[in-house]
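These are the structures, in structure tokens.
Below are two complexes that have subunit A in common, paired first with subunit B and then with subunit C.
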Partner chain A sequence: MFSLKLNRFVSLCPIKNIKLFSVEAPQAAQVDPVSALPISKQEEVLRHPDYFNVHNLFTVQDLFEARVHYGHKEGSLDERMLPYIYGSRLGHLIFDLDKTATYLRLALNIVAHVAYRDGIILFFLRGAQNAHLVEQTAKECGEFAHTRFWRGGIFTNANKQFGAVTRLPDLCIFMNTLNNILTTHTAVRDAAKMTIITIGVVDTNCNPSLITYPVPGNDDSPASIELYCKLFKSAILRGKEKRREHLQQQ
Partner chain B sequence: MLGRFARLKDPLKLLNQQAVQCLSNRPPNFETTGTVPSSTPAPEQAPQTKKTINKAMKAYLERAQEHDEFMKRQREEYQIGKRHLANMMGEDPEHFTQEDIDNAIEYLFPSGLFEKKARPFMKPPEEVFPQKKAAEFDETGRPHHFLFYTSKPNFYQTLHDTVQHINDLYMYEDAMLKKNLRPDKNLELDCSGYQWMTKEQLEGILMETIGDKDYDYFISSLERLIALPYSYTVKDFVMKYKTRLVSQMQDVEVPKPKYDSEGRAYITTYECRRKDARGDVTIRAPGTGKITINGKDINYFQDTQCREQGYKSAIGD
Partner chain C sequence: MFPLRIAINSRTVFSDIKTLWRRSPIAPVVLLSSDVKDEAWTSTKKPGGFADSFEKFQTLNESDEKPQTFASLLRHSAFIDLGDPTGKIVIGKIFHIIDDDLYIDFGWKFHCVCPRPKRNASQYVRGATVRLRINELELSSRFLGFEKDLTLLEADCTLLGLVQER
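Take a look at the complex of A and B:
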């Protein structure tokens, strides 16, 4: 897993000695949205295993009813997805919903923490059937969406693309990781290059290796996508609410 | 097969260990950070008394200020130039309109160039210099528009709105069908006098460049919206992207006939031309069929071919 390896590398080497590729003179201090929050509160929030109570957002029964356990046929299986699969029935692969639940809770926890620290969250979905729903979800929770053709340099060449110094997303959520031609979305690789955290719903034909927090599950049924949108939106709103509370308490 | 996967560490355990460490060491993801900030996270530094501004915002503010100053200078030059021009032409500087300016420039700088846009002109700076987009992000660098990262937010916002309208109209139609109601034929959306705006016009409205495929997709999405039975409810949205068809008949003015003392109608057309010949033609109605040219009859034209041409065109052949 590329991004996990990078984290391990970072923790081993003293951070002052690391130079990243875009070498420019260190600029004046930038406005850090996190520094507005009181330090004691930040540490309390980070130490807690589930500060935002995301484990309450859903049950395995909800996952079952939203048809999250349905995978594709055995022939299209990506071998790296085997750890997440319970078995197959009449040629159709079935996800292990207990594992999915654990991974999904992890992902929701991360989402809530990033939202708490005023991070930019970018939703991805490539597929006309559910694209509008994802854009709407992003709009409603005050975050961003990209359900269109991916122009190559958006992450890797952002300053030239947008014509100005641009802040990149802190978290990318992929509602499906494949694009219209059934290859992995370029943004998965680009996010890993720019050290952006990725959360992705990975189906049985997807490659989970570049995604930081994979969520094994169905990415094709509208019911599943609706459930994921609802859950991520609730997690984001919870994180933002806590942030408002703590800023007001100050 | 299981043996291959036994070497995989449990991803869950790894993630749990790394999650807290990762988040606490993580700075906001600015592309221009040359080095990773010091290992002590930001909160442990002394609280900054001066509010420092985001580099992105600073760069934008500089550019915006430059643009504003530039436009101000151009506007002043235009006003002073307008007054000088009025004085030159001997007109009143207070009441010198844009039309007067255009005429004056045409007089002072006669141009033989075919392309009208290449000829000299003097226009207010708002028309000459393209308007720039306003600041797209706030002080922390967070963009305002939720589709900012698509790099064509206005265009994709329009598509998003179109789909929203289509979905709303589907639901409305279902609700109407439940009550056994049909759409009123009289209210149906009629776009006969209108045409879709061109790609250039659309780019002007959106302040973004779009490709041909995107334009075609946009048009077909709107056509899809118009085709729905209750599309008249979203007429305002659709008409924003339509332009009126120019009427071709405006230039033709049928002149009215005059009446002489006997009550016969006649009409005179001046400056009729054929090669270098010029003539004034008077036609009377009801007529006798008599042709008079410069006092003589049709034999004014000594050449047979000229006579035949003239005669045949007169009888409308």
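Take a look at the complex of A and C:
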């Protein structure tokens, strides 16, 4: 009965003078609580095959000049690396840089997306020659690096080891996956256990199977490591810049 | 099959034409002399000296180089030119020194470490260019009990001396 009265009241008064009891919320852009970005923008970025244009960060010639195609000798080859190898020249293996370029572009795209969504990125490198360079790179792009001895349970037993609730990295980038010639870095296995995305530069003597986005290439020359550092840094900075831009537009 | 065109010069002899025709019956032979110019045949005049070089310098900085494929880059690289590395002479650059050990980079995956020679010892500084003879590109070998080779992550070279500045 009350509804009939309300209908009559509505028909008598002009619509624009009526104040309804329930007030609708203003049409604000919905924001994703995890990444703090507007959902429509976020979906547009995710749907694009290469939103951050990482494909033009390098060319095959740049990889060639940075000595990325040099592999070890055939005697230390890991069979799982065979699909990425072009051939062998008098016992020395050569990577197929066309394939490396594809894998590297995939990896850079992922890095840029993780940086865009405010993810924590952790760089790994074991080897005194290039350790400082990787630490500098991480510092310059505002992310993190671990180039020292890796204690057992850092990922798998984090809360106990650090004494408080810990946020684990969202992405691990391995500049080389081997500790020394004989053993793979423990964090490769541990990141897989904790479902953390891994990107790793895998040489001919490495095992690429546990790495989410392997990048087949040379991990021993300082020239190659410098190139990788430069590329990953650019991808991270691009992702972060877009994020700042989209947050300001909001 | 486009029509055979022979522009005949007044000095052309009938027997010449016959021999030409016998030599290549299918492919047309074109004889063009500067006196007899067919307007429809040639459209542009060759530019004179200054005009030609002006055109060349207009487009000097534009390079239409196609990006090289990996296969061609590798085929023409210094590494393939090297062939069998044992015994080859290369130029290297010293990038690090610890006491009497010189760490030399010669453009390969690994560097090599050589002891400082007695001659001109003080001239071997960081950045110096040296000549090396390669013994092995990678010191790796299969040891008993291991499935894979063990590598030292180093090349083995003999230091021949400083590069002579001419």
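We take it that the second predicted complex is superposed on the first by the 214 of 250 C-alpha atoms of A that agree within 3 Å, B and C clash if a C-alpha of one lies under 4 Å from a C-alpha of the other, contacts with A are read in each partner's own complex, and residues count from 1 in each chain.
Quick note on the criterion: contacts are C-beta pairs under 8 Å (C-beta built on N, C-alpha and C of every residue); 3 or more make two chains touch, one makes a residue touch a chain.
This structure is a prediction, so every number in the text was calculated from the model and none was measured.
Chemist: Would you check which partner chain A:92 touches, where first means subunit B only, second means subunit C only, and both and neither mean what they say?
Modeler: second
Chemist: Considering only touches as defined above, state whether A:218 meets subunit B (first), subunit C (second), both or neither.
Modeler: second
Chemist: Could you say whether A:169 touches subunit B, subunit C, both of them, or neither, answering first, second, both or neither?
Modeler: first
Chemist: Check whether A:61 is in contact with subunit B, with subunit C, with both or with neither, and answer first, second, both or neither.
Modeler: second
Chemist: What is the contact status of A:158 with respect to subunit B (first) and subunit C (second): first, second, both, or neither?
Modeler: So A:158 only meets subunit B here.
Chemist: Return first, second, both or neither, reflecting whether A:76 touches subunit B, subunit C, both chains, or no partner chain.
Modeler: After superposition on chain A, A:76 lies in contact with subunit C alone.
Chemist: Comparing subunit C with subunit B, which touches more residues belonging to subunit A?
Modeler: B
Chemist: Using the touch definition from the top, say if A:249 reaches subunit B (first), subunit C (second), both or neither.
Modeler: Neither: A:249 stays clear of subunit B and subunit C.
Chemist: Of all residues in subunit A, which touch subunit B in the complex?
Modeler: It comes out as residues 1, 4, 7-8, 10-11, 14-16, 18-20, 22-35, 37, 39, 42, 46-47, 82-83, 102-103, 106, 109-110, 113-114, 117-120, 122, 132, 135-136, 138-139, 142-146, 148, 151, 154, 158-159, 161-162, 164-170, 194-197, 212-214.
Chemist: In the complex, go through subunit B and note every residue touching subunit A.
Modeler: 1, 5, 8, 11-12, 14-16, 18-36, 38-39, 42-44, 47-48, 51-56, 59-60, 63, 136-137, 139-143, 146-151, 156, 160, 163-164, 167
Chemist: Considering the complex alone, what residue numbers of subunit C touch subunit A?
Modeler: Touching subunit A from subunit C are residues 67-70, 73-74, 77, 79-80, 83-85, 107-110, 137-138, 140-142, 148-151, 153.
Chemist: Which residues of subunit A touch subunit C once you look at their complex with the stated criterion?
Modeler: Within the complex, subunit A touches subunit C at residues 59-61, 64, 67, 69-73, 75-78, 86, 89-90, 92, 94, 96-98, 181-182, 205, 218, 220-221.
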